[in-house]
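There are two complexes below, and they share chain A, which is joined by chain B in the first and by chain C in the second.
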Partner chain A sequence: MMGRAFDTLHPWVSFVFFAVCIAFSMISSSPVMLAVSFFSALLLLFVISGRKAVRYLLFSVPAVAAAAAVNTAFNHEGATVLLYLNGNPITLESVIYGAVSGTVLMTVIIWFACFSRIMTSEKIMFLFAKVSPSLSLLFSMILRFVPQVAAKARQINEAQRLSYGTPAGLYGRIKRGLTVIYALLLRSFEDAADTTDSMKCRGYGLPGRTAFSRFRFTARDGAVLAVMLVLTAAAAAAAGTGAVRSAYFPLFSGIKTGPYAVITYTLYAALLNIPAALCVTEEIKWSYLKSRI
Partner chain B sequence: MVLFEIKDLSFAYPGEKRKALDSVSLSVKRGDFLVLCGPSGCGKTTLLRHFKPAVTPHGERSGSLLYKNTPLEKTAERVLAEEIGFVFQDPDSQIVTDKVWHELAFSLESLGFENSVIRRRVAEMASFFGITEWFERDISTLSGGQKQLLNLASVMATSPEVLVLDEPTAQLDPIAAADFLSTLVRINRELATTVILSEHRLEEILPYTDRMAVMEDGRLTADGSPQEVGELLKSSGSRMYEAMPAAMRIYSALDLGGRCPVSVRDGIEYLSRVVTCGGEIKREPFPESEPAAELKDVWFRYEKSSPDILRDLNLTVPKGSFFAVVGANGAGKSTMLSLMAGLNTPYRGSVRLFGKKIEKYKESELYPKTVALLPQNPMSLFTANSVREELETAAKAHGVTAEDMEKTARITGCGEFLERHPYDLSGGERQRAALAALIMTKPKILLLDEPTKGLDAAYKKELADILKSLCSDGATVIAVSHDIEFCAEYADICALVFAGSAAACGEAREFFAGNSFYTTAANRISRRFFKNAVTNDEVVYLCRKQKENTDGAR
Partner chain C sequence: MQETKGKHGRGAVISTAAAVLLIPLTIAAGQFFPGSRKYYIISLLIILYLMLPFFAAFESRKPQPRELVIIAVMCAVAIGGRLAFFWLPQFKPMTAVVILSGIAFGGQTGFLTGAVTAFVSNFYFGQGPWTPWQMFALGLTGLISGLIFRRDYVPRRALSVIPALYGAAATLIIYGGTVNPGSLLIAAGEITPQALLAAYAAGLPMDLVHAAATFVFLLIGAKPILKILCRVKTKYGLFA
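Then we have the complex of A and B:
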């Protein structure tokens, strides 16, 4: 997996990165910044999980088209009328705005796809633990509980089928479902009592509980975080000059190309591609080391 | 140094007259390895739970319990959590978190240790217990044996003085159980951790211990070395004697004096002193009969891309037989049962019941008159609030008369607990209730998945009697089991499943006599001297016959 270089960052660093990405993608109105965000997200997903990223790209095309179509059908604002349909104006601005909204949605979805691959349950638990150790433990217990309950439900269902056959009709199926749920609840309560005993035996409830984690904040994490924060601040400042602000109604303001706008785009692209850059650099280092053997 | 000093401890559960513990006195020294045994419901668990106040039951109590010379209830909670470790029977339900590493850290987190300390201890535990390879894994991907080893390791993380274990191997297969017990012996030998263990598998553990105690009806009836206890049990005619290792039982049945052997090795040594080679058991073959179930060239996998679970499996189960299937974990035994029950369908080959393909049966024909399956956990069957209600529901659904129901309840011995809730029953009682619900409809084929799991020797015998009487009424019983001793003693025909196909199949005792490793302790002890002796009784019979012959010749 090429994403290792990103995966091994400290959870807080990864979390800050995703928070910044997703926040910028949702706030910024500039179509260029949106495009930068979309393609950066896609690139990162490609680096992390390979060809699966292509599926997201292929799915994006109809999704954006659909968003544009829906927006055009219900939103008749905008000055540039392309044609009239059933007496309603179809405007260029509303087509563009729809496509942009669709892209925002897809961008956020792809960022979350990256998020779910990098932020494993262990990392999320670690973040929770800072806020509340018991919340983090609860999270872990739920993750343990779910596959267990599924397995028990299957066993009970099979046993019922063997004793009483497959139920016929809606009423029969509902009745069977309730029977299985009832038995499942009983068994889960029974097992939960055991779990409680086991927790008590191992000192749960004593004051001063700590939360163990296997993460260490290294110099590398510090460096990456610093670069990230500096780029975020700079990009925000450059965007704050208003150079990239775009309007869609009544007239689409077009693509901004002033000097401050270009600086904003560059900084933004650099920020969003930090993880991909880390991964690619590491990959190159590997090939270099291998070539020396 | 004495760790635990129990004096005249009596205990009764609320609202019950019968004492669960009746003036028990026991002292445990540091470094002891104490094996506590006794039939189900004798009070073992109640006694063990008294060693750990966090799980001590509520009720009426008298007598005293000292830990390091202070009353246990006055010992600080933190000390108790750190110094007394407790491992329960069910490997699954005592695990709290979702990852192996997190589970190992759980106790240390509770005690509020620093991250650096926890990291070190967790690393130590993972190395000592050999779990580094699955350290990162999700708990749900572990086998039962791995889970129980993890439970032991996570309790050991606080380096406790005492380990208390309540039948920790009851739910494990023999290989995993032996692995677990040998780890326990290692902990005791290398770390001098005191171990208090309740256990049914005396064959495996007694050779390594110097002390065992027996409980019966809430009383401590014997306490001493395995040899002393064995003598005592024999002279008192206790039914616990059935549970002792084969070597000890052969020794005391022969009653020829000398030192009492405990392990298989000592048993062989003992036999070589008292008998010479020669002697054979001859058996009647199982009568020919038409097949009840037939698996032909069966291939099966759960998903298209997953590996084959069954590969070219061929088995024929004769009608009216008690057919046992043995084999390692993951060999495909339970999957085979699910195919015979029609829960899964092979992608190649055929499954026939009484000559007719299983898919040709209508579901209403199949369940429950033709096949019934007792799942590994009988609790999957129960949905009602009392055993009686459970049986009545089943009786009504399948048109069984009230008399027949009462009769089944009587045969299976459910009479005493008909009014109780299924969850208030012990393991053996649950098994009985489940069996009653299944055999009430008189299925032609009864499938059992690990029927002896967690049962004591006495109940195993009762179970075998029930199954045998079903067979003589014409039913066919197919049991998947790890319990070699049980299969050798009671089954008619036995098959070994390995890597998805039948590696061997034959009349049960011939089958085990032909194996050299996968066989009973009695056979391992006697195979150098006699041919075909598989059970204790057979070995004793041959020894006696030889003695009579030599005495007669003289």
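Then we have the complex of A and C:
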């Protein structure tokens, strides 16, 4: 898997990265920054999960078109009237703004797709454990119970089918589903009672309990986090000069190309591509080492 | 009904106060934010502030293992229901299970079951910008069901029709009323009365199926499942 270099980072580092990415993508009004974010997300998804990224790219086209159409239908702001439809003005600005909104949505969705692949439930649990131990425990229990409940449901369902046959019709299926749920609930609660007893016996809630964790904050994590924070601060400062601020109404302000704007775009692109760069470097290093064997 | 009444802990008090302070501050600060995407960001932050006190209350009252396990079972069953009925789009028992959890174990537990179920089930169905809205909507459904269905107020024999009616109404009004504007904010960023109406209209078929599912599951299942839950409560001396 090509995404290993990113996957092995400390959960907090990955989490900070995604938080920064998603926040920037939602906040920035500049179409260039948005494009940078969109393609960086797509590149990272491609690095992590290969051809699945293409599906997201293909889905983006109708999604952006739909957002542009919807926005145009309800938003009649803007100075450049393209045509009148049922007496309502269709403006260039609202088409552009709709397309930008649609791209923001797709960008955030693609970042989340990367997020789900890298921030596994184990990592999320680790993050929670520091802030809220009970919620983290609840979270881990649910993740444990879901496959357990599914397996029990299958067993109960089989037993029902063997005793009473396959149910007919929608009503029959719903009724059967409920019968399975009753039995499932009773069984799950009985098992849960055992779990609580065993938790008590092992000293749950007593002081001095430690939590096992697979994750260690290494020098590499520190370096990546430092680079990330410096780039974030620099990009935010450069964007804060107002060089990239774009307006859509009443007139689209166009693509900003001042010196500060270019610096912002560069810093932003560097920030968003840290994980992809890590993975690609690792891959190159690996194939180089392999070639020398 | 809830033993936790009156001892929600310092965490809950602080986070409630913070929410009360932060909401107007966020709205005021958000006005200076350029572009219309501020509406999405402001509403997202408000939703997070509103959910925080519930989680803080849960954490700071140091829940017993029994309570944890019961909530975990309810969430797992709700998620399992969403997984089991994958062959019928939107026709899921998830909301019904959350409502029953609220009725049997009180509003706080109902909220937790709903919010946590929405969060964890999205690990199976996909996390996205919609997750906080779904968490809040389902949590609120569970909270309100816990608040209105104190079993001392509702006669035992009405315990299948009234929850079923509540379930259908809650799905349409609370869930649809939260998730539809949410998706409008996510997709368009701009809220106008017409756009809001269109978002509701677009979501209505889905919401109607969802509401019908909740109604049917509660109508048939409320009484037997509540019996099971109350038996569990008595047997293990939970929330008593």
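What we mean here is this: the second predicted complex is superposed on the first by the 281 of 293 C-alpha atoms of A that agree within 3 Å, B and C clash if a C-alpha of one lies under 4 Å from a C-alpha of the other, contacts with A are read in each partner's own complex, and residues count from 1 in each chain.
Note that in this section a contact is a pair of C-beta atoms (placed from the backbone, for glycine too) under 8 Å apart; a residue touches a chain by one contact, two chains touch by 3 or more.
A quick note: this is a predicted structure, and the numbers were derived from the prediction, not measured.
Chemist: Have a look at where A:Ala247 lands relative to chain B and chain C in the superposition and call it first, second, both or neither.
Modeler: Touch status of A:Ala247: second partner only.
Chemist: Considering only the touch criterion stated at the top, classify A:Ile27 as touching first (chain B), second (chain C), both, or neither.
Modeler: second
Chemist: Return first, second, both or neither, reflecting whether A:Met141 touches chain B, chain C, both chains, or no partner chain.
Modeler: Touch status of A:Met141: both partners.
Chemist: Looking at the overlay, what does A:Phe59 touch: chain B (first), chain C (second), both, or neither?
Modeler: neither
Chemist: In the superposed arrangement, which partner chain does A:Gly177 touch: chain B (first), chain C (second), both, or neither?
Modeler: In the superposed model, A:Gly177 contacts chain C only, not chain B.
Chemist: Taking the superposition on A as described, I'd like to know which of chain B and chain C A:Thr195 touches: first, second, both or neither.
Modeler: both
Chemist: Looking at the overlay, what does A:Gly102 touch: chain B (first), chain C (second), both, or neither?
Modeler: Once the two structures are laid over each other on A, A:Gly102 reaches chain C alone.
Chemist: Could you look at A:Gly165 and tell me whether it touches chain B, chain C, both or neither (first, second, both, neither)?
Modeler: first
Chemist: Looking at A:Phe115, would you say it contacts chain B, chain C, both, or neither? Reply first, second, both or neither.
Modeler: Only chain C; A:Phe115 stays clear of chain B.
Chemist: Using the superposition described at the top, list the residues of chain A that contact chain B and also contact chain C.
Modeler: 121, 133, 137, 141, 143, 148, 182, 186, 192, 195, 199-200, 204-205
Chemist: Show me the residue ranges of chain A that touch chain B in the complex, using the header's touch definition.
Modeler: 121-122, 133, 137, 140-141, 143-144, 147-148, 152, 155-156, 158-166, 179-180, 182-183, 186-187, 190-192, 194-195, 197-214
Chemist: What part of chain B is in contact with chain A in the complex they form?
Modeler: Contacts found on chain B: 52, 54-55, 77-78, 81-82, 85-86, 88, 90, 92-99, 101-102, 105-115, 118-119, 122, 139-140, 154-155, 158, 338, 341, 343, 363-364, 367-368, 371-373, 375, 377, 379-383, 394, 397, 423, 437-438.
Chemist: Quick check on the complex: what are the chain A residues that touch chain C?
Modeler: 26-27, 29, 67, 70-71, 73-75, 98, 101-102, 104-105, 108-109, 112-113, 115-116, 121, 132-135, 137-139, 141-143, 145-146, 148-150, 153, 174-175, 177-178, 181-182, 184-186, 188-189, 192-193, 195-196, 199-200, 204-205, 245, 247-248
Chemist: Which residues of chain C touch chain A in their complex?
Modeler: Residue positions touching the partner: 33-35, 37, 40-41, 55, 58-59, 62-66, 68-73, 75-77, 79-81, 83-85, 93, 112, 116, 120, 123-124, 126-129, 186-190, 192, 194-195, 198, 216-217, 220-221, 224-225, 228-229, 232, 235-236.
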